[in-house]
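Each structure below appears as C-alpha cells.
What follows is chain A paired twice: with chain B in the first complex and chain C in the second.
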Partner chain A sequence: MPTLKIDEKEVTVPPGTTLIRAAKELGIEIPYYCWHPGLSVAGNCRMCLVEVDKMPKPQISCHIQCQDGMVVRTQSETVKKLREHVLEFLLVNHPLDCPVCDQAGECGLQDYYMKHGLYDSRLNENKVKKGQKAVPIGPTVMLDNERCILCSRCVRFTDEISKSHEFGIFNRGDHSEIGLYPGEELNNKYSGNVVDICPVGALTDRDFRFKCRVWYLKKTESICPGCARGCNITIETSHDRPTGVENERVMRLKPRFNDEVNDWWICDSGRYGYHSIDQNRILTPLVREGTAAAKESNWKDALKQACVSFQNLMAQNKEQIAILLSPMMTNEEIYLAHKLFVETLQLSRVLLLGVHPNGDQDDLLIRSDKHPNRMGAEWLGLIEGKEVTQKLVSEIEKGLIQGLFLFGQDIVSQFQSERLNGALNQMRLSLFIGSNYNQTVSSARMILPGASYAEKDGTFTNFEGRVQRIRKALFPLGESRSELEIIQSFAAQLGLDLPSQTSEDIFLELAGSVPKFRGMTYDTIGHEGVRPA
Partner chain B sequence: MTQKLISRFFEPPYAITLEHYSYEAAKKAFVQMRPQAIEAEVKKSNLRGLGGAGFNCAMKWSFVPRNTGKPIYLVVNADEGEPGTFKDKYILTYAPHLLIEGIMIAAFAVGIHKAYVYIRGEYEQPFLNLKCAVEEAYQNGFLGKNILGTQFDLDVVIHRGAGAYICGEETGLLESLEGKKGYPRLKPPFPAIVGLFGCPTVINNVETLSYLPFIIQNGGEWFAALGTEKNGGMRLFSVSGHVERPGVYELPLGIPLRKIIFEYAGGVCGGRKLKAVVPGGLSAAILTADEIDVKMDFDSLRAAGTMGGSGGIIVLDETTCMVEALQVTMRFYAHESCGQCSPCREGTGWIYRILNRIVSHHGRLEDIKNLTDIGMFLGGTTICALADGAQMTFLSYLKKFRREFEAFIQNKEMACQH
Partner chain C sequence: MIKTKVVSEPPLNFWERIYLPEVFRGLWITSKHFFRNFFLHLAHAFGLLRHLKAGVTIEYPEQTYILPKRSRTRHRLTHRPDGSPRCVACMMCETVCPARCIAIVAEEHPDPNIEKKPKSFDIDLGKCVFCGFCVEACPEDAIRMDTKIVNTAAYSRPAMKLDLNELLNPTSSS
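== the complex of A and B ==
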C-alpha cells in the first residue's frame, strides 16, 4: 500500500490508485473535464495536471498512479498557472454564448473559470467555425459542436457503457468535432446519460432545453419507479416561477450516483418517464353510474358511497370482494393495506397483481419487471401467482366478483379483455385508486385520485433486496391524496380505529414486525438504501 | 570523405534486388550468433534510435519482457514525416533488402516472429520497392518459415499510412496500425510492455534497423568508434533548403554542422549569407548562423538547446523572412495536431492564426509577448511530443529573431535582409 503526500497531507491508498482519487480521499479537489470515474481514462483535457517531485514534467493526476513516497503538489503557482492556461486554451474557440446556453449554471467551463481562470482575454483572432449550432442528433439529445471541449466522455460512454458506438471524433487539430458515424443517430436506451456527463453545453437534453434555468430547480432525492432496478434519481422541480412549459412542475430527472444500484446512469425510459407526474392526472374523485361518463365528486361523498357499497358486500358475502395490491405501491402502503384488509377486515382475497412483461431486459440497468417494489411485496407476504391471477380474472369476467379494489393496475389493457371492461362497469363496487387516467379508469365505478411517487414518502425494495426511499418532492396534484391517506380515511369511514400515521411511523411499525425489514429506519436507509442484515 | 555504410547503396547497383545483395550479416547472425550475443554487440555499438528521440537501441530492446506468453512484435517506423527529413525514403527506395536484413537481425535478437512496417502513405516508389524486396526475400528463404535452416520463423507485413504526421509518433502509429484513429496513447504503459494489440512491442526506425547488418559484420565496438563517446556510429543527415548540393549525407555523429553545410552540401546557394539552420527536423530549435559550430550528436545538440531529432537539416539564407518561415512552420503543427490534448489542439491553431494576422500586416507589438506566453504553455503538458516539438521550434524563432518580428510588425521594409 503506497503512502504518499499530497499538499503536505499524507495518505495511504491501495496499489493502482490514481492521484486524482487519492486526492479526493483527502478532500483535495483537482479540477478535471475528461476524467469520469465510470469511464476509461482519456487524459486529454490536461486540466488535472499536478506537480510530482522527481518528475520532470507536470503529470495528469487522472492517469498517474500513486507510488510510495510520492510528493505531489496540487496548489503550487505552476499548477495554478497551468490550469489557467488550459482553460484559456479550452475557451479559445468556445462561443461564450452562456446567455443562451442551457448548461449555464452547471457548466464546467463557467465553474472552473471562476475558480481557476479569471484571466483577461487576449484573443484577437476569429474563432474556428465548427458545423452548425444546435443539431438534433437523436430523439433526446441536441449537439452544439462549438461548445464542445472534446473531452470524449460521450464517445467513451457509448463505447464502454451503452456499447452502442454511435459517437466518434472526426477531423484533426482544432477542427476536431464530435459527431455520429455515418447513418447513425443517437438513439439507444441510455442516450440521455451523455447529457449528464457532458461537462459543457455541447450535448443538451431536448426534453429539458429552455424550460428552466438550473439554479431555480429544487432537487429531491428519489427512486425511479420504472422497473425493479430502482435507480437512484433526483427529481428536479420548479413551482414558483414561470417555466418554458405549462402545467408541469417536474422539469427533469437526473440519475443519482449509487454504486450498488445504478452507478451514475439511468435509462431513457426512466429519465423521460416523469411526464406522468403532471400529465393525464386524475384530479378529483370520480363516480360513474352505469356506462355513462364518470362524474366529478368530492372525497366526502365518494368515500361515503364506497363505504356503503363495501359494507353491503361485506354483509352479504366476503368472498365476492377482491383487493388487488400492486408492486407499484410502497412497502408502507402495502403493509397498511394488508393490515386493513387482511388483519382487520379478515378478507381472504387480497392478492398482488402486477403483470410481469417479457423481454426488455439488459445487462446494464433495465429489468423486465416494470414494478419497483415486487420484492418488498413478497417480503410482506404477497406473492403473485399466475394461476391465481388467471382464476380471479375469469371470475371477474363472469361477474362472480362484485367488489374490486384496484391499486393503480390498468387491468383492462393488461389483459386485453373486453369482457373485463363490461364486468368492471356492472360490478357493484369497482374502485380504482391511482394517479393517472387509463383504460381501467374509463370503466371502473369509482375512482379515487392517488398521488404520484413524486408526491409522497415511502420505500421500495429493489430486485436485489435493497430498501430505498422515495421522498415527497411535490404536493399531490389537484385533490389527489397519497394512498396511505386514502386507506386511512377509508378505514375511518368504516368506523375502524386505524391510527393516523406518517409513512415513517408505518415503516417503523413494519420494521418491527416483518423480519426482512428488521432494524431498518428511514435514517439507516439514508441516501443509498440498505439491504437486510 | 568518410566511409559509407548505408549510403553506399544509394548509388548503383543499389540493394533493390537480391542480385546485388546477399544477406551476409543475417547469415552470420542466424548461424554463428546467439540472440544474447547480438544484443551484446548492439549494446557495445551505442546505436541510438535515429527516428528522432535518439534513445539507446539496446536499452529499448532490454525493456521488452520475453516471457509473458504473448507474442512480441517488431514495428518498423517508416512513417517518415518530420519536415526536412528524407533519409528513410532513400533506404526504402534504394536499399530495401538492407532494411529487411536489419529487421531479421532485430527479430532474431529479441525473439520476434512478426514484424510490421508502417510506411508513410505518400511513399509510393519506396513502398513498391520494399514490397518487391519482401516478396523476393520470402522466395529466397530469408523470410517465412525456418529461415536459413534455423527453425526461426519471421513474417513481415507492410502497412501503408494515410497521411498523418502524428502516426509517426510511435503510439499514434500503433493505434493506426490497429485500425483506429491515430491518437497517441497515454504512457505508461510503454509500448515495450503493452504495445501493438496489447503485446510487448519493439518499435525501431528504418535507419536504426539498417545499421544492424554493419554492426553484426564489423562488431559493436567498431561502430561505436565511428562516432563520439555516447553517440555511436554514423547517421544519415538529410540536407535541404538554401544549399548548393542538397541530399542525404552519411556522416559520423559529432561532426560539426558547419562542416556538413559548407563542405558536404557545398555551402549556401549563390554565395549568399547563412541566416539560420534547423538542425534536426522541423521540431528542433532553430540555430542562428553564429551557432553552427555545434557538433551533430544527440548530446551536444541538446546542450546547445536544440536536438538531433531526425537528422533533417534545413538551411535558410539571408533572404528568408523568419516571420513567414515561422508561419509556415506553425501551419504544419496546427494542421497535424491530432486534437486530443487541449493545449496542443487549441494552442497550435491559435498561434498560427496570430502569425497569419502578423504576416498580413495587422500585427501588434504585444502579439510577441502573447505568443511567447502562449508558447510557454504549449509543450510539456500533453500526451505526446508533438506540442513539445512545436514549442521548441516556435520559442526559438521568437527568442533568436525577436528583432525581426518587431521590425516586421512595425512594418519596416526588408526586415528579413537585416
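== the complex of A and C ==
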C-alpha cells in the first residue's frame, strides 16, 4: 500500500489509486473537466495538473498512480498559474454566451473561472467558429459545438456505459469538434446522461431548455418510481415564479449518485417521466351515479358516502369486498392499508395487483418490473398471484364483488374488458384512490384524489431489497391528499381508532413488527438507503 | 464579511422629554420658512432682493420638474435594429432585483445565433424600489431606466404592472 504526501498531508491508498482520487479522499480539491469517476481516463483537459517531486514536469493527477513516498503539491504557485493558463486555453474558442446558455449557474467553466481563473484574457485573434449553434442531435439533447471543450466525456459515455457509440470527435487541432457519426441520432435509452456529464453547456436538455434558470430550482432527494431498480434522483421544482411551462411545478429530474444502485446515471424514461406529477391529475373527489359523468364532490361528503356503502357491504357479506393494493404504493401505505383492512376489519380479500406490464430490461439499470415497491409489498406479506387476480377479475365481471378498492391501478386498460368497465359502474362501491386520470377513473363510482410520489414521504424497497426514501418535494395538487391521510380519514370516518401518524411514525411501527425492516429508521436509511442486516 | 457599525440613538434630554417646547420649536421653524418665503416672493414681485432665493413649489402636472440626466425613471426594454427586443431572457435582472418585482418567461428564438428571447417580461412597479440594479446587471444593455416617465401611479395594483409590450414602447401611458 503506497503512502504518499499531498500538500503535507499523509495518506495511504490501495495500489493503483490515481492521485486525483487520493486527493479527494483527503478533501483536497483538484479541478478537472475530462475526468469522471465513472468513465475511463482520457487526460485531455489538463486542468488537474499537479507538481510531483522528482518529476521534471507537472503531471495530470487523473492519470498518474500513487507511488510510495511521492510528494505532491496541488496549491503551489506553479500549479495555480498552470490552472489559470489551461483555463484560458480552453476558453480560446469559447463563445461566452452564458446569458443564453442553460448551463449557466452549474457550469464548470463559470465555476472554475471564479475559483482558478480570474485573469484578463489575452486573446486578440478571432475565435474559430465551429458548426451551427443549437442543433438537436436526438429527441432529448441539443448540441452547441461552440461551447464544447472537447473533454470527450460524452464520447466515453456512449462507448463505455450506454455502449451505443454515437459520439465522436472529428477534424483536427483547432477545428476539432464533437459530433455524431453519419446517420446516427442520439436516441439510446440513456441519452439524457450526456447532458449531466457534459461539464459545460455544449450538451443541453431539450426538455428543460429555457424553462427555468437553474438557480431558481428547489431540489429534493427522491427515488424514481419507474421500475424496480429505484434509481436515486433529485426532483427539481420551481413553483414561486413563472416558468416556461404553465401548470407544471417539476422542472426536471436529475440522477443522484449511489454506487449501490444507479451510480451516476438514470434512464431516459425515468428522467422524462415526471410530467404525470402535474399533468392529467385528479383534483377533487368525484362521485358518479350510473354511467353519467362523475360529479365533483368534497372530501367530507365523499368519505361519508364511501363509508356508508362500505358499512352496508360489511354488514351483508365481507366476501363481496376486495381491496387491491399496489406495488406502486410506499411501504408505509401498504402497511397501514394492511393494518386497517386485514387486521382491524378482518377482510380476507386484500390482494396485491400491479398493472404495469413487464417491459424491457438491460444490464445497466432498467428492470422489467415497472413497479418501485414489489419487494417491499412482498416483505409485508403481499405477493401477487396471476390466478388469484384472474379469478377476482372474472368475479368482478360476474358482479360477485360489490365493493372494490383500487389504489391507482388502471384495471380497465390492463384487462381490456368491456364487462369490467360495466361491472365497475354497476358496483355498489367501486372506489379508486389515485393521482391521475385513466380509463378506470372513467367508470369507477367514486374517486378520491391521491398524491403523486413527489408529494409525499415514504419508502420503497427495490428489487435488491434496498429500502430507500422518497421525500415530499411539493404540496399535493388541488385537493388531493396523500394515501396515508386518505386511509386514516377513512378509518376515522368508520369510527375506528387508527391514530393519525406521519409516515415516519408508521415506518417506525412497521420496523418494529416486520422482521425484514428490523432496526431501520428514516435516519439510518438516510440518503443512500439500507438493506436488511 | 459585511462590516457593521453599531449606532446608538442619543437619549432625549429633559426639555425634549416634556414635549411642549419641541412642539413650539417645530411651529417656529415652519413659520420662519413661511414668512421668509412670503416676504421674499412679495419682494421679487416688485423686482427687489432678486439675489436671495425663495422656496419654490412646482405646480405639477401643469409644470414638470426637469430631471437630472442620470435619474432613474420608469424602465424600458431596448430594441435590436429590426425592432425585436434586445433582451435574451437571461434573467440576470430578475435574479439581482432586490424587490423581486421582475418576472420573465423565456422561449426559443427562431434564430439559433440569438437562441433565446423573452416570451413575457413583467415588472411590477408597485414593488420596484427604483434601485437600478437591473440595469447594472444586464449583459445586453437591454433594460434601461431612462424614459423620464415618473407618473407611475395607477388605480389598482394590477395596473402597476408593465408587460413586454409596454416596456418596449414606453410612451404608452401606464
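FYI, the second predicted complex is superposed on the first by the 529 of 533 C-alpha atoms of A that agree within 3 Å, B and C clash if a C-alpha of one lies under 4 Å from a C-alpha of the other, contacts with A are read in each partner's own complex, and residues count from 1 in each chain.
As a working rule, contacts are C-beta pairs under 8 Å (C-beta built on N, C-alpha and C of every residue); 3 or more make two chains touch, one makes a residue touch a chain.
Quick caveat, the model's predicted, so the values are computed rather than measured.
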{"item": "Chain A as common anchor, with chain B and chain C clashing or fitting", "value": "fit"}
{"item": "Which of chain B and chain C A:Asp97 touches, first, second, both or neither", "value": "second"}
{"item": "Partner chain(s) touched by A:Lys133 [first = chain B, second = chain C, both, neither]", "value": "second"}
{"item": "Chain C, chain A and chain B - angle at the middle CA centre, rounded to the nearest 10 degrees", "value": "90"}
{"item": "Touched partner set for A:Asn421, first chain B, second chain C, both or neither", "value": "neither"}
{"item": "Touched chain A residues, chain B compared with chain C", "value": "B"}
{"item": "Touching partner for A:Val86 - first (chain B), second (chain C), both, neither", "value": "first"}
{"item": "Partner chain in contact with A:Gly244 - chain B first, chain C second, else both or neither", "value": "second"}
{"item": "First, second, both or neither for A:His63, with chain B first and chain C second", "value": "first"}
{"item": "Partner chain(s) touched by A:Phe210 [first = chain B, second = chain C, both, neither]", "value": "second"}
{"item": "Distance in angstrom between the closest Cα atoms of chain C and chain B, superposition on A", "value": "23"}
{"item": "Those residues of chain A which chain B touches in one complex and chain C touches in the other", "value": "none"}
{"item": "Of all residues in chain A, those that touch chain C in their complex", "value": "97-100, 104, 132-135, 209-211, 213, 215, 241-244"}
{"item": "Touching residues on chain A, where the partner in the complex is chain B", "value": "41-47, 49, 57-58, 60, 63, 81-82, 85-86, 89-90, 92-93, 122-126, 128, 149-150, 168-169, 171-176"}
{"item": "Chain B residues within the chain A interface of the complex", "value": "164, 166, 181, 186, 334-343, 345-350, 353-354, 357, 364, 367, 370, 374, 377, 380-383"}
{"item": "Residues of chain C touching chain A in the complex", "value": "88-92, 94-95, 103-108, 112-116, 119-120, 139-140"}
